[in-house]
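We just call them A, B, C, D and E in the order they show up, numbering each chain from 1.
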């Protein structure tokens, strides 16, 4: 099943917002938020057994989060990057734990660092950060420099001095 | 000739037995009291006779002054009187309990049966005539059957039926043997039989002895012939079982002693080879088999009556072995062990009766914690079983020591015999211990049954005897020793009965 | 003199029983005082060897039964030291039985047991010996199972084995009496006559010895019979276990020393054509091997056991193994070593059991992994246990070492290389499980539920302190115990070892125990000097430990989790796993019991047949008997 | 505020004599916290062989004198470093490897990595370099040994003297109870 | 006077032991082609340890460590060091030496396990099991020697071996020596058998909680132990010495032999260590014993 057929398969099923072929082994498809789950389920049936990573990208200026699912198929030897966009103010998306159990940890990580709620994932607890009370740090509007200066003490002036 | 009144021992119980229906008309409880009193008379009179005979040797009591060997005579010797006294004593104690048992409508027939049974066994020990003995054996088996079946429960009928079948088979064998004896020797008097027995040709003689043995071993509860034992004991009331084992068993063993050592055999420590058949070995093998089977089957039983039944069967087996060994010490040991067994086994049976009523069932698993409820019964049961097992300073210990000594001194393959006996003794100790331990386990039992004072009295008497013999057995030793000498001295037996050696 | 001591014991038993349910402390102190009086009387009897008292009970047929007691050197020695230890234990049980329910019956039986204990040691003829032996078995059985459910199963091992032994001895006694050449019940003369008989009829002598050895081995839990002490001790009341393993298990050894060892010695003297292997009869060499196997087996089972009383019981079994091996070497060093080890073992093992009893009295816990860190809470108990295990491992300053040293002298000078290796393996192994017990109970982390555990009341501490003092005393000057042992060994016909108060001279080398202990103390001061150089050390909480930077509370590390005690010797178990199945002798015994039950069940089936069936048996039986009669 | 100069804490008299032995046999706690840990094996083995100076790896803080912080410290690993430091016995010294321990290094603006190690535990010696090579480490050891000999390396005394200050810093990082940015700053 | 002699013995053992350790570290370094610490490094380490602050969890820990060190120092008195011997009567009784050494290990075990750290207890359980492991071959070999020399005193054994190399026991009973040599490797806790203080597995095993002077005492105990164990083997097989320096030289040769094995061999898994000890050295010891018995 080569890359063209994959794109057609998804397109005539759910309608693709955008697709892009990076090279002979990697392609990306952007799907709407409501049929992302169905697309993933479909692709899992078509031999995309492995969910390599689930992450998010913060498009601050477009006030949008882009949730990225990277699948890999051993038989077709293809890496499919499925993306979807959700609004930034109240970020929510369906959890894919039922398809891949490993997604629970990825979603917990993304929730901690981006603040995206995954509906149906029971363990959205704090994960890596040590009693973190501020906003999720990976967001673009989080100013790490000031945070570091406030918590760990200023270093920039000293370096300039 | 004071001994002529000995026949009263037989006559009075017979007379009273037939008057029982009359007494029951006057008052229901009277029959029980009358039986108790007659047996009491019998016991006291036989005790007096025993001391008299101990003092001045064996006596003869001629009935209807026909001189032997034609007339019937009773042979009152230390051996027979000792056994008679023990039988009457055990019967007396059991009747003491029977007195206060709740009255049933069959009481008068029950008392007739007990009277006949005790009278018959007493008579067997005294009689000097073989046919007379057969008649009393018949009476004994009939009355035992009546006794067993009176518990009017299904099991007792089955037990009674099985006993009847075996008893009749046995007595027919007995009759055949007596027929042969009469046919060949022409006499029924035991002394003359003893005198002429070795004139018979050996094969013919051995057949007679085999038949006689088969007949009598049913009463003595020995292996091939004791299939009736467990069912019979299970059927009847537990204190009546004391009669079964104490009276019937003792009589069976008495006859074995008397016939095999004085009459058929040739007296002391001489292998009774009657017609190329080494009867000693035969009896020993039977005895060992009975003990082995008795003990091991008792190990797997849960019902107290069955356990005690198998245990009494095993003890009879041990005594049979002592008869088989037939040297002076073993006879002493056999008699002593029989006496001990009679006392401790009847103590156990009598103690079992109130325990079954308190706990409500004979299954020993239910007995747990009885010690907490009624400490006296638990201790009595413990004393009884200690006596039987043979703990030092209890009565069984001395007889067991003597048995081991006598069997070991016989040498040869006797070590195998003593090995099995002690193995089965070990098994017996184990299962008695399991029961004793269950009694003293820390558990609560509720029950409303109150134990009557007479039962406590009976238990107390027997326990004191068991402990007293254990601590100072010397008083019994003199009786046993005299009885053994009398048993073994064949020529003395013949001469006292027939006056002069013809 | 002895018979009225026994009479007083009977009376004392009845009095103490009659003291009623409430006066528990009075009862036990009365019995302790009474035994003190008996001990004093025994001390008085020291010199009068050979005085015999007879009481004949009755005679029937050709035997007359009589009880006769006499004082022999060996008997007096055993009686005296067992009474001393018994007094120690009863002081302990005064407090221990404060809130026990069953203790009234136990006290009664225990005094009877003490009486029968004396009777065994003072009996001169076989009948008295057997009677006392039986009474001892019965009374001790009832003490082990005071009314609890599971303790019956535990004790019936003990019960069956000792009854089996008793019956074997019964046959042995009467066999002795029955053989015309011997025909005596007196123990001493039976030895001499048996030795003479061994020239003409070695077979019978062999069997008689086998019978007696069977009963003595069954009682002392030597190789084939070694599993029973573990269950019996674990279930027995805590104050009875020291008695059980300190004294009760020694009767078998007393029997061996009374009859078997002198018999072998006589046979060696009298009978030229006995099969010898490097200097001793081949039978006693085999029996020595039994002892060695017990020692090693006992050690292995103790290493893998997790219940503290079972561990101590198996250690008793292995110590019995040492004593048996050294006794059957038949050299004067061997017998002295064996006897001395019996005394030492009684001392340090009762000390160990007393401290275990104290721990159980306070914590009501028997599994070792549930305990821990009690040392700071119960210092005296810890000290007793520590010195107890030092003595048990045979480490010099204490008494265990003296007897082990003599045993090694005997084994090495007698040229028994493999026996020495087995014994050495067992004694090094002993150090393993003894330390494991010390660590799991007293050192390591203290579980939170034992935070407010206090030391046992002072009255319980007295016997422990006495234990410590006696261990140190005998360790420092073994002469005080070795002198009476020398007398007993001379009575057996061996030249006793040359011994002064603190010097012991063996064939291969000699040691002066006083010097050994003082070297240890000197070395301790030398080390203490170094200790003083550094700065003063500061105290740190047990949980403030190296945990690779983790904070224990944050990660739920409780002291219980932190105390490594459950599978302490798992590697040892893995090494022996392939052959473990075969080692376990309990399966054979369980199979035996199952077969007996099923055999019984099938037999009793025969009696359930119907009327016709039973008459068929009747006839068939008769026919078989007649045929067999004619054939034989 | 911490006194800059610790003159009065310097060792004196007999301590100086002992310092010779302490200098010659420093046991370092091989606590590989950052990327600098890779530099230690070469210093230990054949080429540079720090054992010449008696310096060797030790497994437990109880026995160690020298704590090497070989790189950046996140908050979680700081917690463990502090506990380990407190478990070590006096006299003890700390060497900070690389710029991460001085001013946060390349992680200066990270929200989890601390910027100045010396705020939390006293650092006797810092070796510059974004992971100093073994030569730098050896010279570092030399300078520490000289400082010990002169009695100036007294970080552990400083820690004891100003414990509250250190504790405050540590709590500010580990035990925070309210968010760092107030709601106003977040809006912008 | 006795006290002075006692202190003399104690100090010689410690100094020689520390010297051996220092030279040993230099020797291992040289094998690894690096300079290694000065030979008196061990002395520096000990003084540093004693100068450091130390902690203890309860009084049993202190008592245990002291007992450990005392046990080993006490045993040294029983061993003849060349011509010197402390006791004339009990000069080197092997049974005493072996049991006195167990005081050392008992004391250390008790002190360390009182600290309550699981690593240390695992270390101790390994140490004790290993002790059973190496005791068997050692004992079998020693029994063989006792049979031959008809006495269990090292003094007599040494006198039997006097006069020329030919009648040293190493020549007469080579198998025995091999067995004891392997057992020595385990006794000293050198590399193939350093399962007890396995730094990578259980954080230096028993010594986890020891700091400052406690660690110093453990260090001295190890030094004295090296001196003791090598001394025993020298007396048993290398025929003791008629002057003190020859004795130290022989000890040193043995120690270097075991260090060479230590420098180049990895560590055994624990069960395999005990199994190995029960197979190879025990086989050699048994061969030796059979030879002695049969001849």
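In the analysis below, contacts are C-beta pairs under 8 Å (C-beta built on N, C-alpha and C of every residue); 3 or more make two chains touch, one makes a residue touch a chain.
On a predicted model such as this, the values are computed, not experimentally measured, just so you know.
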In contact with chain A and chain E alike are the chains D
Label-sorted list of chains bordering both chain C and chain D is E
Comparing A-D with B-C, the busier interface by C-beta pairs is B-C
Chain D to chain E, mean C-alpha position gap in Å, rounds to 38
The distance between the C-alpha centres of chain A and chain B, rounded to whole Å, is 99
CA centroids of chain C and chain E: separation to the nearest Å works out as 36
Check: chain C positions touching at least 2 other chains come out as 546, 548
In chain D, the residues touching two or more other chains are 60, 62, 79
Chain B residues touching 2+ other chains are none
Here the pairs of chains that touch are A-D, B-C, C-D, C-E, D-E
Chain D residues touching chain A in their complex are 75-76, 79, 103-104, 108-116, 119, 172-174, 176-181, 185-186
Within their complex, chain B touches chain C through residues 161-162, 165-166, 169-170, 173, 206, 210, 213-214, 218, 223-225, 227-231, 276-279, 281-282, 285-286, 293, 296-301, 306, 310, 328-329, 332-333, 336, 391-393, 397-398, 401-402, 404-406, 408-409, 411, 415, 418-419, 422, 425-427, 429-430, 433-434, 437, 440-442, 472-474, 477, 480-481, 484
Listed in rising order, chain D residues that touch chain E in their complex are 18, 21-22, 24-25, 45-47, 49, 51-54, 57-60, 62-63, 65, 89-91
Chain C partner, complex, touching residues on chain E are 3, 6-7, 10, 49-60, 62, 66-67, 69-71, 73-74, 77-78, 87, 89-90, 93, 95-96, 99-100, 102-103, 106, 109-110, 113-119, 121-122, 124-126, 128-129, 131-132, 135-136, 139-140, 143-144, 146-147, 150-153, 203, 208-209, 212-214, 216-217, 220, 270-271, 274-275, 289, 293
Given the complex, residues on chain C that touch chain B span 57-63, 65, 101, 127, 131, 134-135, 138, 141, 145, 147-149, 152, 156, 159-160, 163-164, 167, 170-171, 174-175, 177-178, 596-597, 599-601, 603-604, 606-615, 617-622, 624-626, 628-630, 632
